[in-house]
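Across the two complexes that follow, chain A remains constant while its partner is chain B and subsequently chain C.
Take a look at the complex of A and B:
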């Protein structure tokens, strides 16, 4: 039976997907600005952030309204609480994309330290995880959500590798320190983006199965 | 902390144990192999769409269905280690121990005092002072004493519906029951009176085992420790209220409590 409430839930879903699409663009553009040395893209990321922030507030309001007026239960309750969490995860991901552009700006004022290989690879993985986490949300696909969680180790591994690589640069030539640090920071932001994608995947699993899989080592 | 208490597996004893209960109205089977355990000093709510058998099940616990022609019941219901389906049990004693509150408040058309004193009198209490004490005590326990102490001789029918319902609960408490059965006790009441009854139930559960049938799922969610969901005479799911309302196991429960049918 289709309920009027379902229309409101669909609206919430659509807003979250719209926000997710924007955040995905921000992540890709921020890395494109770095990899292709295009300063102009930094402004584009900023503009998108404004829209993401507006959606952040709008989605929170929508969730609160649904909780107050509909007093949802069971799967509806889990959907809306997952929506609240996904909303803040997406907003943080957008902020991290902005942080990437903040680190990129000074980098573009100097010659490249080295041709970038691992960072674009890492960014592709993180952006893909972000996209797939939203797909798992849209399709209520717990298998896909679990697959995202499994990719996180690889991203962490790349971050460590990038750190070791730039550490060597800095030790060999102190004139690289500033640029190497910015690049390490960027890899850190990408790793955080992947973490937020994992949070979304965990929310999807809770929403669909009612099972909280966060903090698996915790005794309950 | 309070929520955690509500969620934890209860270690308290079983007050009512129903096993394989079937009930037929003529050829219509209204209860189908119902098995459940109602725990002592807890509020258990039974929810489900109209006609699912929840009131019928409730009435089994004090054999009220016996009053309806053509009813046949099989299975076992044990309250305090006593099989109450046994044809030979004393129904007056059973109903003294297992009292019932109905949808619409049904005070006797007597004074407030006589409504409360009626039960003890039937059970042999004649001492006037003792009757006064008992009346005050039971009216206090439902929070009605301060509102009615100066008009105990007035007709109970002059009270508001919320007050009448609390009077009916006081009328039960005065004969010292152990189990309170409530069949939609708030459905005739406004939200304020409903809140009053819910608060009252919460304070009564430390002394009584309460089973409540309600159409109002939010009410079940607010007040009960355990919840059972019934559909077409079957008990579909039974468990902690927190579990039922956040992560029910059965799709039929989920569909009902989210308003997808019923």
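Take a look at the complex of A and C:
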């Protein structure tokens, strides 16, 4: 029995949401490994990465199959190409969670550097933006998507703040250099997770409105 | 007069190569600004970014139009979806060149930190991989694409090397901390440029062979 196109589109949506849920868990776990100093969680993140990579390939194949067999138009075409893009953003977000664990591992071999400054706050923001970007996709909610884009400035502010404060630490006490450096790198990974959440939000706006809002400063 | 599909595909290819050339210039210029301490080049990179962003949107529109109007199959479909992906990789590479200039600016306000360790070598590699990835696309050359993928380990090795050596600097002389830190961040941007070149190489292999070679370690 041939399946309905609608059903296939729903399958694509479900796979993306499943991937989004997995990536969300990877982000939360990587941060938890750092904040609560639990090495065991690093292994869990790695295991989930395999599953994310499997989904990454599967979703791409599904998108290509739908483009080839269904020759979709207008909103369906935008949905499927947004799917391709969101798929790749989610996969990178998963990679970044792995990067966070890579930077966390050496940190857990040394005594904790307290405080972590704004890292917990920044990680909460990035994880939340990731989650909400998927929600905006599920609900086709452009208002929510725009709210995510508006948070990016705050993430950038936190990133600069973290840089400055850890720099001061390093200058004052050279025994903190290695740890502060890893924490700065972690803040950069968090920044990129937030960037990918913004990419997804932009895709949602494009998908719903058929309007490309990237590069707003351009005179076209 | 209606244009031929072949002609439109050629236009897509030309736009991608034009974008690739611009991004290649941005990368070279950003590195030159750092190595030769020329602030003026930073402005040039910024100007090119506007053009890259314009092309980014234009190429996406072209891909979507081709998907909608031509309903391509097999190799043409893979070419256009690869185009979408390569377009986004190129745009990010341009962003990374801008990131390099952002980290270079404060460096040029202070006396030079000599030597730059493996940064010149790493930047040469990343710029070359970016250029060759576009070449592999132009020539549909999977052998070249695979050669690019093989260089990624060396880039990672250089990145770790740079990290360790600048860390030693920082520990030995706290007056180098700020500069060494910016240089470590630059090495991370170079690493990501090389990653995007690898993404493009993977897209070329997929486009030519219809085979997804990402995530090679997965048991599928």
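List of remarks:
Rule of thumb we're sticking to: the second predicted complex is superposed on the first by the 216 of 220 C-alpha atoms of A that agree within 3 Å, B and C clash if a C-alpha of one lies under 4 Å from a C-alpha of the other, contacts with A are read in each partner's own complex, and residues count from 1 in each chain.
As a working rule, a contact is a pair of C-beta atoms (placed from the backbone, for glycine too) under 8 Å apart; a residue touches a chain by one contact, two chains touch by 3 or more.
A quick note: this is a predicted structure, and the numbers were derived from the prediction, not measured.
In the superposition on chain A, A:3 makes contact with chain B only, while chain C stays out of contact range. Shared-chain residue A:184: touches chain C; no touch with chain B.
If you count the residues of chain A touched by chain B and by chain C, you find the higher number for C.
Using the contact criterion defined above for the overlaid structures, shared-chain residue A:71 touches chain B and also reaches chain C. Shared contact residues of chain A, touching chain B in one structure and chain C in the other: 71, 73-74, 77-78.
Residue ranges of chain A in contact with chain B, taken from their complex: 1, 3, 5, 71-78, 210-211. Considering their complex, residues 217-218, 221, 245-248, 253-254, 257-261 of chain B touch chain A. Interface of chain C with chain A (complex): residues 50, 53-54, 56-57, 60-61, 63-64, 67-68, 71, 73-74, 77-78, 81, 84-85, 88, 167, 170-171, 174, 177-178, 181, 184-185, 188, 212, 214-215, 218, 220.
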